[in-house]
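Following: one structure in structure tokens, then a few remarks.
Labels run A, B, C, D, E and F following the written order; every chain starts at residue 1.
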Amino acid sequence: KHGMADQEDQIGTVTGLAWTQVGGEILTIETALVPGKGQIHQTGKLGEVMKESAAAAFSYVRAHASQLGIAAELLEKHDIHLHLPEGAVPKDGPSAGIGLTTALVSLLTQIPVRHDVAMTGEVTLRGRVLEIGGLKEKLLAALRAGITTVLIPKANEKDLVEIPDNVKQGLTIVPVSHVDEVLSLALTRPLEPALPGALLETTPAKARGVASQSLPH
Amino acid sequence: KHGMADQEDQIGTVTGLAWTQVGGEILTIETALVPGKGQIHQTGKLGEVMKESAAAAFSYVRAHASQLGIAAELLEKHDIHLHLPEGAVPKDGPSAGIGLTTALVSLLTQIPVRHDVAMTGEVTLRGRVLEIGGLKEKLLAALRAGITTVLIPKANEKDLVEIPDNVKQGLTIVPVSHVDEVLSLALTRPLEPALPGALLETTPAKARGVASQSLPH
Amino acid sequence: KHGMADQEDQIGTVTGLAWTQVGGEILTIETALVPGKGQIHQTGKLGEVMKESAAAAFSYVRAHASQLGIAAELLEKHDIHLHLPEGAVPKDGPSAGIGLTTALVSLLTQIPVRHDVAMTGEVTLRGRVLEIGGLKEKLLAALRAGITTVLIPKANEKDLVEIPDNVKQGLTIVPVSHVDEVLSLALTRPLEPALPGALLETTPAKARGVASQSLPH
Amino acid sequence: KHGMADQEDQIGTVTGLAWTQVGGEILTIETALVPGKGQIHQTGKLGEVMKESAAAAFSYVRAHASQLGIAAELLEKHDIHLHLPEGAVPKDGPSAGIGLTTALVSLLTQIPVRHDVAMTGEVTLRGRVLEIGGLKEKLLAALRAGITTVLIPKANEKDLVEIPDNVKQGLTIVPVSHVDEVLSLALTRPLEPALPGALLETTPAKARGVASQSLPH
Amino acid sequence: KHGMADQEDQIGTVTGLAWTQVGGEILTIETALVPGKGQIHQTGKLGEVMKESAAAAFSYVRAHASQLGIAAELLEKHDIHLHLPEGAVPKDGPSAGIGLTTALVSLLTQIPVRHDVAMTGEVTLRGRVLEIGGLKEKLLAALRAGITTVLIPKANEKDLVEIPDNVKQGLTIVPVSHVDEVLSLALTRPLEPALPGALLETTPAKARGVASQSLPH
Amino acid sequence: KHGMADQEDQIGTVTGLAWTQVGGEILTIETALVPGKGQIHQTGKLGEVMKESAAAAFSYVRAHASQLGIAAELLEKHDIHLHLPEGAVPKDGPSAGIGLTTALVSLLTQIPVRHDVAMTGEVTLRGRVLEIGGLKEKLLAALRAGITTVLIPKANEKDLVEIPDNVKQGLTIVPVSHVDEVLSLALTRPLEPALPGALLETTPAKARGVASQSLPH
């Protein structure tokens, strides 16, 4: 049912969290690969900030393609369509950043996303995860939707004191500071970077201490 | 006569349902294939939400082309023109989603659409059918127009209690939750997915339990 | 003289009928073929609805090119320029649809349009002719301009009771429901569809009972 | 001196006539051929109507290229720049149409324009010359600027009764109804249509009775 | 120091003169050649009139490339970037025309511009120099900035009576009527038109009597 | 932590300084290389002035590529994405110019930027550094963020008298007048211009006396 967590792990689909004046809500992120030339198309009444956020997420993925195990050829002949359902509802803000990044990586690697994980956090072009607003409302929405694990920015750890105990007991809340951690926690399989001999754009994930992260699943 | 159901099954033409302040109305959806490069052109005073809805429907069709039995080559040399007649009347909202998808699939497979079927429902990039508004007005309009079967979102099943008995008796109302069901019910022939050996983008339709659906025709 | 019916049958030129707050008026439609790649250019202060109407008319023509006897190659290396003279006067609405279609078909087949015929009617992407407004004012304008025959939508037949007798006596008024009838009546020679062996996009004209239509000329 | 008639016949430059609230004025039209692909660029604070007017003039010229003696190859590798000096002064309206057409034909044939001729008239895509406003003010401006001959629309002949005698004595005023007459009168040499064997787009000029027109020069 | 005349002759850089409500000011014009396809990019908060002015200047240069000694091939693989520093300050108007033209010619011929020369004047597509406003304020600004020579439109010669004597004594003021004179006076070396055999677009500079112009340097 | 100086020298990342009504702030500049054709994409709610500033910085880098040791081929197959984190916060003004230039040069040369250096200054297309506003607030923000060295425009040296002593003691403040100095001071390694035989666009850095500049590191 729409507005609830998916029942199965899916490719290219992520559960984000939105925050409106009337409370928090599930924000489903869908992606699809269509014939094209490496462009990204965005639909679902996204505001400018969210569109720019998705563009930055897409560039992060392209710039780190070999590290993420994405075949560069895939995007030479395809475009990506990014859609946020409930197309009449305006959506904006940068906090879907890590969700958008995860959806793109899942789509391009064909590794499913854990259906019981939701996430919120701005992402920078370097993959850093920045603070977001409305943490309490978002966590409540996640709980209502049947989510078990929520990834939040490390910079929002300070806000956890204001979260009701039942929410904190009902959810595994994982603060993250880099999108590598997000991918490690949300994808159902580890990424498979290109073999030695291929160019690695940045330091391997292991060197940043994220390889050992895992959630009960 | 315009505003009434067609008398014959047609290719690329679907009867949608619109909802305005003065009641429900038939929304005819027309499509045509013209020389081009895989773009979609939209005319008939569509608002931004409806345009995005059509773009998402088109991407759904392209991403599932082989499953739907659509030759990828067809769109390499053609554009699609989507037109909503009564060009001076503004149209908007996401509820034409499943109608737009059905029109595109019919056009690209050359399988006619049943002329006595109307439909309303937002569609997501994954093919999920989401709740719409104005169900009562739309059903009344369908009845007036000579429609016999209306496809509605499963999420709107709850609203059927408010529908007058004569409407429910005059129409076969079929709740659907995925666009596969819509296509199975609205097209006059089953889809013919690409043969084994070709890549199937998603789980075969049968595995989702939609293959056995059929309407008296 | 501008504002009056032409004295000769011309290629690519049609007399439409406009309706303004101060009465009806002749709306001259001009077209020309220029080097290009199959695009359509529109000038003469057209509003958005009229521009979309022309785009739909153009797609109708392209989608039915072989049925209409138009060489597909012609549009691979040409653009069409559509101009509505009196460039400072704003023009809008969908009612020029059949006139625009006729001008395009005449230009692309090089079959002249009867100079004593005027027309008004929205056209859909399937070639259906829809109801328009201002019938009385438009017929009066046609009469003043020296037109002898006016094609109107079948859906407007009901409005003929309000038309003064002298107008109905001075004009041959022909209700039409499909653009095939319009072309059959307005062009000076029958269309020459591609020979058997070529793909016919739709049912042959004869099958729809329009082949026998003709006007005294 | 700017604002006065040129002292020499020039290629691609025409003296138009503008009409503002404070009177008539010379409107210099300049053109240049630059490397490109057959596009037209317009600068000098032109309003939308004037821009569309120039686009229609350009299409007229392209559609009649061989009749006008213009090598089609010329525009395959060049763009045209159209500039109206006094770049800070807004300019609009369709009445520069015949001037724009003449400037384009002169540029593309390299036949100079008579420096003592000014002109005003809307042009249609068929080359018809339509009525303009402000005739009196424009003729006064032409006289002040040292112009000896002014081409005006035949439809404005009726306004000549209101023109002061000294203006009518000081100027040769020539009413025209087709742009062929304009070109015949304003260019310093006759056009040289492509040789027999080449396709003539329309009836030869002679057949329309314009070949014998000439001015004292 | 910015706002003062440069200390050295530079390539592609010209000192223009701006006129605002609070007085005159130096307007530095910078250009650079970057990989591209013959386009021009403009930055520095230019208004529409100034952007069109630069576009016309660029077309003048392209249309007269061989006369100016510019290799056509240079622009086939490069774009030009035009920047006006103090990027937060809005700039508009046509009076930078001759400065923009000079900067472009200097950049494309690699002939430096005299650092002690400033200039103001609208330029037309034929290279004519038209009248500008704010002459007094501009001359005062030139003097303050350490400029020794200012090129002004011949049409502004009439305004020199209102200029204070000390300004006229401190500056060499040169009225010009064609951009050829501007280039002859402002560039540190004569232009080298393409050799005989190459096509000269217009009359050679000498024939217009500008070859002998020179300034003490 | 975002809002604080980075702990490591990074490639393509620069610490700029912003000035708002409520004080100064760190402005992180991130860049990434993605597949493309030499375009620049900008996200993070940049205003028009800042976007033009980045475009000018990019052109400076392209025009001086060989002098800066950047392989021209790199940009033939890549685009640059420029992102300013905190995507919901509007950013504008030209003062990020030298920071943007430095980030681009670092990205394209793969030479890291010193993590303890921040900078503010408009840059022109010639690389000149122009005056900025809000110096005091920016220096305070740099100090708070853990920065040790701040590069400021030479034209702002006059404002240093108003800066509190503790700020001047806590920071090494270096006035600069050309972006060459900025690169020399902010990059962790000297640039390696293309070898002799390759074309140097401008005077070598040494000739301008910047080669010997260095900071304690």
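Please note the rule applied: a residue touches a chain if its C-beta (ideal position, glycine included) is under 8 Å from a C-beta of that chain, and two chains touch if they have at least 3 such contacts.
This structure is a prediction, so every number in the text was calculated from the model and none was measured.
Here the chain-to-chain distance from subunit B to subunit F, counted in touching steps, is 2.
Matching CA atoms, the turn from subunit A to subunit E amounts to 120°, rounded to the nearest 5. A separation of 31 Å divides the Cα centre of subunit B from that of subunit C.
Our note on geometry: subunit D versus subunit F, Cα centroid distance of 53 Å, whole angstroms. Annotation for subunit A: no residues touch 2 or more other chains.
In terms of which chains touch, the assembly is arranged as a closed ring, every chain touching its two neighbours and no others. Ring order, beginning with subunit E and continuing to subunit F: E, F, A, B, C, D. Residues 1-2, 10, 13, 28, 30-35, 41, 43-45, 81, 83, 85-88 of subunit F are the ones touching subunit A in the complex. By the touch criterion given at the top, residues 38, 48-49, 52-53, 55-56, 59-60, 62-63, 72, 75-76, 93-94, 97, 122, 124-126, 128, 130-131, 155 of subunit A touch subunit F in their complex.
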